[in-house]
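Okay, so chain A shows up in both of these, paired with chain B first and chain C after.
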Partner chain A sequence: MFLKKLIGHEDREKEVIRDMDSHLRLLQDGCKAFHEAIERNDHARMRRVKELEREADTIRRDIVSHIYEGAFLPYLRPELSKFVELVDQVFDLLEYASACYLEIRFPDSLRSEAARVAFLNQEMCGMLRLTLQATTAGEDLREKRLAIRIYEKRIDDLKFGLMHDAKAIPVEDFWEGKTLSDFLSRLSSVSDVIEDASDHLGIISSIIK
Partner chain B sequence: MWKILSGAFLGWSLGANDSANIFGTGVATGTVNYRTAVWLTAAFLMAGALLEGPKCMEVLNDLSSLLPLHAFFCALAAALTMTAMTALAVPASSSHAVVGAIVGVGLVSGSADLSPLIKIVTCWVLTPICGLVFGYLLLRALTFLFNRTHMSLTRRNRIYFLGILIAGCYGAYTLGSNNVANVTGVYVGSGLLTPRSASLIGGLAIALGVLTFSRRVMMTVGRGIAPLDPFTAFVTVLAGALSLHLFTQVGIPVSSSQAIVGAVVGVGLVGDVRTVSPRILVKIGLGWIVTPVSAGLLAWLFVVFLSGPWWFS
Partner chain C sequence: MKVFEFMTTRLESVDSRKSVYDAVEKMVDRRIRSLLVRFPGDDLQDGVITARDIVYKVLAQGKDPQAVQVSEIASRPISCVSKDLPLREAAQLMEEDGVARLFACDGNRIVGVLSMMDAMAAMLILRARGEHVS
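And then the complex of A and B:
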């Protein structure tokens, strides 16, 4: 084990990084599917989010087990695992939101704003992936993290408008209203967790420097 | 030849105590596992003892002319003091214990020459200062270098791992070269051993201590002194090792604990961070004073009360 670590050429670490990138790529695909599904009211596309979440879950388990089998210095392991868990949390929010969407008749008056938030979430995921790539390449993260914060601010602004518009929708059935509320709440929380993940990359970058 | 048993005991005690300074931070940060750390320490320590060990033996023999029995008492007093310190999980200095014991015996027998003490004590005082200066300068220089070098996460991870490993091996080498004189140096002056055989026996005894009894102090040093990241852990061990190697060339056995504590403080100065908790510093400081005094007193008592009986004649 020790000799493997000594003479190995960062193979295990490179594998973890490859998996982390794949994990984020799946998240990006999930966000894209979610956005398109809202925009086109495409239920089949919305179901794809759940499939992607399952795939991502397998990758997450691989990453965590590789990390605890000895990839990277122990000092970094909890931080890398936490980042992966944050990405997984985004997937969970997305999956729950998609399940909610499939349960209700989504009001058309909210569609364009919800699609806009979903699109910004997708863009944020892309930026998070670039931030991860910059972290692993040892590059400066400031601009990328700033871009993520700007996206988050824009989503925050949209979020309040969305809540305001949602209040104007007449609710005839309790569960219909609750599910819509849950959908909106999960949709608007995605950006918060992506921002947390980006902050965590900043922490990882400072630790290794 | 039974008289070298106390030296072997001291070597074992030194290995158990001082090896913590080498891979303590590496083991505590989880960079190197305990088993790998102790085997590497033992191997490089032996190399240091055999290649440069005799350099520090001369000064101990200048302190006092020792009879073989007195040499036995010196090593025994130092060993018992070190064992007590280890049991209390205090990183103590074997150099202080041995010099204290030699002076104690020398005062009873009337053969003590205290003039080399000035050089010895000066080096003792300079040890933590040296560690501090090396720690500060190395961290500054390496940070400057690393900040200007573009490295991926995996490459940096590997460099830190190798850095801690290489610094640890070098630390073990310098510990062997500097501290083997503490273990068997007294027997060279009393004519029981040649410098080469003293280095071999001393090195083996220290290595045995590392392999069998070093875990507890290693954790105290690694976890208790400072929350170090891999980079500062590597710099700290390297700075401590450089200080120790410097004093080996001067020919004075010094405390590896002092060197490492100095290095930790030096590293902390760069980031203006308090790296050493005052409680641990007080504990270490207390050990520095108590160690030579108790070893000297114990050796004095051994000579006064045990030199006469028939079983030692």
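And then the complex of A and C:
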């Protein structure tokens, strides 16, 4: 019903929506790999994040090109593209954080809190995917968007604790300290961008109504 | 969803021998409504002091919070549940026992606290996932 409202080539729209869902599924897998890697200090698992980011990049390019080849009405195309770019930004943050993690000996005193944030990021991705599905089904997004804001606030609470604890970590040199700081900064920013993506789905939903 | 997924793991506490005023300062600085009260022995000997205890048992009675020890007004024993308890059951326990928080335990060790706000947030997420009972 949602697609019928948009007028256009339904098959093309369906393909884009399928790809957007796959894009988010990959993001969920990426967040899961990231979380497990921190929890178990598994470097192989952490390297998987980069592989998933590359796969996601391919899907992203396909989505954007299909959108501008004629899927959806012109006024919707920039909004859909923006959503896809926001999801891509989350992946970029994860990829950079994973690279930072692999460069340093991650302090065990921060592991459990960092893993907790990573777990909540993973849950947020799952909720974002449900929100996209609800958007394309023309459903009300209110409860799902609130759930995402709840996650984001919980991560905010944990983030300040992590930064406080990080100050007590002795580092061998400037670069080790900077890399750890960059890791924590990227880890904490993932939830902010997911929230932005969720807000953008709200905009898309309003445009369509 | 289980308790451990939504509990707070950073536990703020106060020694049972400290004054209520010490507890008040900590609660104001940290913007929290309760503190775990550490008594000698293992974690299961601990208690809890809340803003409600402080207001009802000390301040409203005109007592000097610097002259009252935390141990005198703390509630013991704490309500402790398994960290793997399903959230819905935890919420029902809160209602049955009339408590606003549950401490999650792993054996004899307190590993987290689930507050009313935590339980509410978790249940809203379950609703958003479509996992609530209609």
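Structure notes:
In this text, the second predicted complex is superposed on the first by the 200 of 209 C-alpha atoms of A that agree within 3 Å, B and C clash if a C-alpha of one lies under 4 Å from a C-alpha of the other, contacts with A are read in each partner's own complex, and residues count from 1 in each chain.
Definition applied: contacts are C-beta pairs under 8 Å (C-beta built on N, C-alpha and C of every residue); 3 or more make two chains touch, one makes a residue touch a chain.
In this text the structure is predicted, and so the values were computed from the model without any measurement.
Once the complexes are laid over each other on chain A, chain B and chain C both fit without any clash. Applying the stated contact rule after C-alpha superposition, one finds that A:74 touches chain B and leaves chain C untouched.
When the shared chain is aligned, no partner comes close enough to touch A:65: not chain B, not chain C.
Of the two partner chains placed by superposition, only chain B is touched by A:207; chain C is not. If you count the residues of chain A touched by chain B and by chain C, you find the higher number for B. Vertex at the C-alpha centre of chain A, arms toward the centres of chain B and chain C: the angle is 120 degrees, rounded to a multiple of 10.
In the superposition on chain A, A:109 makes contact with neither chain B nor chain C. Of the two partner chains, chain B is the only one touched by A:13; chain C is not.
Measuring only between alpha carbons, the smallest separation of chain B from chain C in this overlay is 18 Å. Touching of chain A by both chain B and chain C, each in its own complex, is seen for no residue at all.
Contact residues of chain A toward chain B in the complex are 2, 5-6, 10, 13-14, 17, 72-76, 135-139, 204, 207-209.
Within the complex, the chain A residues that touch chain C are 112-113, 116, 119, 123, 127, 130, 143-144, 146-147, 150-151, 154, 157, 161. Residues of chain B touching chain A in their complex: 29-31, 33, 36, 146-147, 150-158, 160-162, 165, 229-230. Per the touch definition, chain C reaches chain A in the complex via residues 5-6, 8-10, 121, 124-125, 127-130.
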